[in-house]
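Take this structure first; my questions come after.
The chains carry the letters A, B and C, assigned in the order they are written, with residues numbered from 1 in each.
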Amino acid sequence: MHLLYWIELFGVVVFAMAGAIEAARNRFDLFGVLVLAFVSALGGGTLRDLLLDISPLAWIRDLTLAYVALISGFAMFLLAKFVRIPFRMLLYADAIGLAAFTVSGTQVSINMGLPGLVVVMMGMASGIFGGIIRDIMANEIPLIFRRDVYATASLVGAVWVYWSQVHQLSPAVSIMVGFLLIMLIRFAAIRWHLSLPSFLNTASYRKENHPEEL
Amino acid sequence: MHLLYWIELFGVVVFAMAGAIEAARNRFDLFGVLVLAFVSALGGGTLRDLLLDISPLAWIRDLTLAYVALISGFAMFLLAKFVRIPFRMLLYADAIGLAAFTVSGTQVSINMGLPGLVVVMMGMASGIFGGIIRDIMANEIPLIFRRDVYATASLVGAVWVYWSQVHQLSPAVSIMVGFLLIMLIRFAAIRWHLSLPSFLNTASYRKENHPEEL
Amino acid sequence: MHLLYWIELFGVVVFAMAGAIEAARNRFDLFGVLVLAFVSALGGGTLRDLLLDISPLAWIRDLTLAYVALISGFAMFLLAKFVRIPFRMLLYADAIGLAAFTVSGTQVSINMGLPGLVVVMMGMASGIFGGIIRDIMANEIPLIFRRDVYATASLVGAVWVYWSQVHQLSPAVSIMVGFLLIMLIRFAAIRWHLSLPSFLNTASYRKENHPEEL
C-alpha cells in the first residue's frame, strides 16, 4: 500500500531529526549524530522485523529508508549549527514519529494475520522502541517513562487501527485516522501537560531517600 | 513438560512485579509501569528465542504469558498506591525470577541438543537479561553488576541442570532442584551480603578520581 | 579465509579485555566482569548475525570464540588485581577491537553479496556495537558519542574494504590494510585528541541550562 510506505518514510524523517536534536543537546560529533539519527529512525522497525522474524530487514530490502534517515540527520546537524533548536521541537518530532511507526507497525502485523494482542503490541513496540533506544544511548531516562500520556497515545492508535479494520473500515482511512489520533493526543499532552495516574504515594520511598539500599 | 511451563509462568509473574516496583521507585506513570513489567518479564525469553532463532517468539505463540505479565504489573501498580513496598521486595522478586528463567532457558536449550557451554550461557542469558534491560531502561546500573553472587547463582543453577541431566537425572527433579538452588543462593546473598572477590585494589583509579580522563 | 578468522579472534581478545577494564573501573565482581567481557567481545558479531538472519550465531557455531572471550576477561580480572591499569589502555584495546570487528563484519557482508551501503553499515555495526553495549551496561555514555573520530575511523575502514574489493584487490590485502587504517586513525585520534566538527553553538541550550524542560 502506497500510503503506508509514505507514512513510514515520513516517520523516518522526523525520528531521524529527533535523534539528531537529542545528539545536539549532548554535543555529539557529526558521526555520533548520524548514528543516533539512524538508530532512532530505523530501530523500531528493525525490532519489529527481528521479533516477527521478517528477513531481510526493512531498511536492507529498501535502501531508501536508510538514505533518508542519514540525510535527515545530516540536515538537522547543519541546521543546528545556525539556528537554536528548542527542546520542544524534539517532543513534537518524536510525537509525529511515534504516530507514524505505531500505525505502520500495526498495519504490518494485521497483514500477517497475527492475533489482536500481538498486533497492538507490535504496533506499540515499533512506535516507541526508536525513542527508547535513542534515549538510552544518550544515557537519559526514555521519554516514555518521563512524559505523560506517551504509551497511552500509541496504545489508543494501535487499538483503533486494529479494531476499525476488524469492523471492515478501509485500511487507508483506518491508518490516516489512527495517525492523526496519536499525533493529536501527544500534541495535546505536550501542550497542556496531561498526565495519567502515577505512583503518587511513592515519593516517600524513592531511592534518593534510601541511598543505603543501593 | 507441564512443570517447565508453570515455572516459566511463575517467573513471568515475579519479574513483572519486580519491573513494576522499579518503575514505582522512578515514579513512572501507568503505561511506563506496564512497559517495564512486560519487558522485564518477557525480555529474557525473547532474547533467548532471538539468539536461538526460534520463531515465533514464546509470548506470540502463547498469549497467556503476555497477559499474565501485564496483569501482574497492573496489580503491583494498584498495590503500590496503597502499600509502601520496600526495596528488599524488588530483590527477592528478582531472585525468584532469576531462578525460574535460568532453569527454563537451560531446559529449552538442552531439549534443542545444544553443546554444554551454549546450554549454560542461554540459561544464564534467559535468567539475567530481563533484569538487565529493566535496569538499563530505568537508567540504573544493572543489579547483576552491583549485587554480589548474582550471575554466580544463575551459573551454578544452569550447570547443575545441565550436568544432572547428562547424568540421567529426570528433568523434573533436575529443574526443581536447580530452581531452589538458585533461589536459595540469592536469598542468602541478599540476607547476608555475601560477595565474590572484586577488583579490590581498583578503588585508587576509579573514574571519580580521574575526571580529566573523560 | 584463515586471516579473517584470526583477526576476529584477536578482536574478541582485545574487546573482552576492554570490557573487563571498564568493569574494573566500576568495581564489578568476578561474574560481572565476565558478563561485560563476553557481551563486549561477542555483542557486535551477534547483532550482525541477528540483523542478517544468520543462524546459528558465530559463537554458537564456533565455541572457541566464547571460550576465548571468557578466558581473556578472566585474565584481565587477575591482572587488575596486581597492576594498576590506566584508562588509556581501555581506549587502545577498544581501538584494536573496533578495527578487527569492522573489517570482519564488512568482509562477511561482502561475501553475502549485499549492496554497498548495507556492507558498510554492517561493518560499522559489528565494529561499534560491542563498545556501545559495554558502555550502556556500565551506565556511561558510549565512547562513540564522547570520543572524536570514532565512527569515522570505522566508516573509512569499511568503505576502504568494500571499495578495494570492488576494484579487485585481493581480500587478504584489503582486510590487512583496512585493519591498520582504522587502528592508526584511532591511535592518532587518542594521542592528539583529533576531532570532527560538532554542534559548536549548542552549549547555550544544553539541558543543564534548562532543567525545567525535563
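We adopt the following convention: a contact is a pair of C-beta atoms (placed from the backbone, for glycine too) under 8 Å apart; a residue touches a chain by one contact, two chains touch by 3 or more.
None of these values were measured; they are calculated from a predicted model.
A.B. asks: Quick check: superposing chain A onto chain C on C-alpha atoms, how many degrees is the rotation, to the nearest 5?
C.D. replies: Going from chain A to chain C via C-alpha fit gives 120 degrees.
A.B. asks: Same or different interface residues for chain A and chain B, judged by whether over half of the residue numbers are used by both?
C.D. replies: Different-residue interface.
A.B. asks: Taking each chain's centre as its mean C-alpha position, how far apart are chain A and chain B in Å?
C.D. replies: 27
A.B. asks: What residues in chain A touch two or more of the other chains?
C.D. replies: Correct list: 50, 53, 136, 139.
A.B. asks: Which stretch or stretches of chain C touch chain B in the complex?
C.D. replies: 23-36, 46, 50, 53, 55-57, 60, 63, 66-67, 77, 80-82, 84-88, 136-139, 146
A.B. asks: Going by the contact rule at the top, pick out the chain C residues touching chain A in the complex.
C.D. replies: 50-53, 114-115, 117-118, 121, 128, 132, 136, 139-142, 144-145, 148-152, 155, 195-207, 210, 213-214
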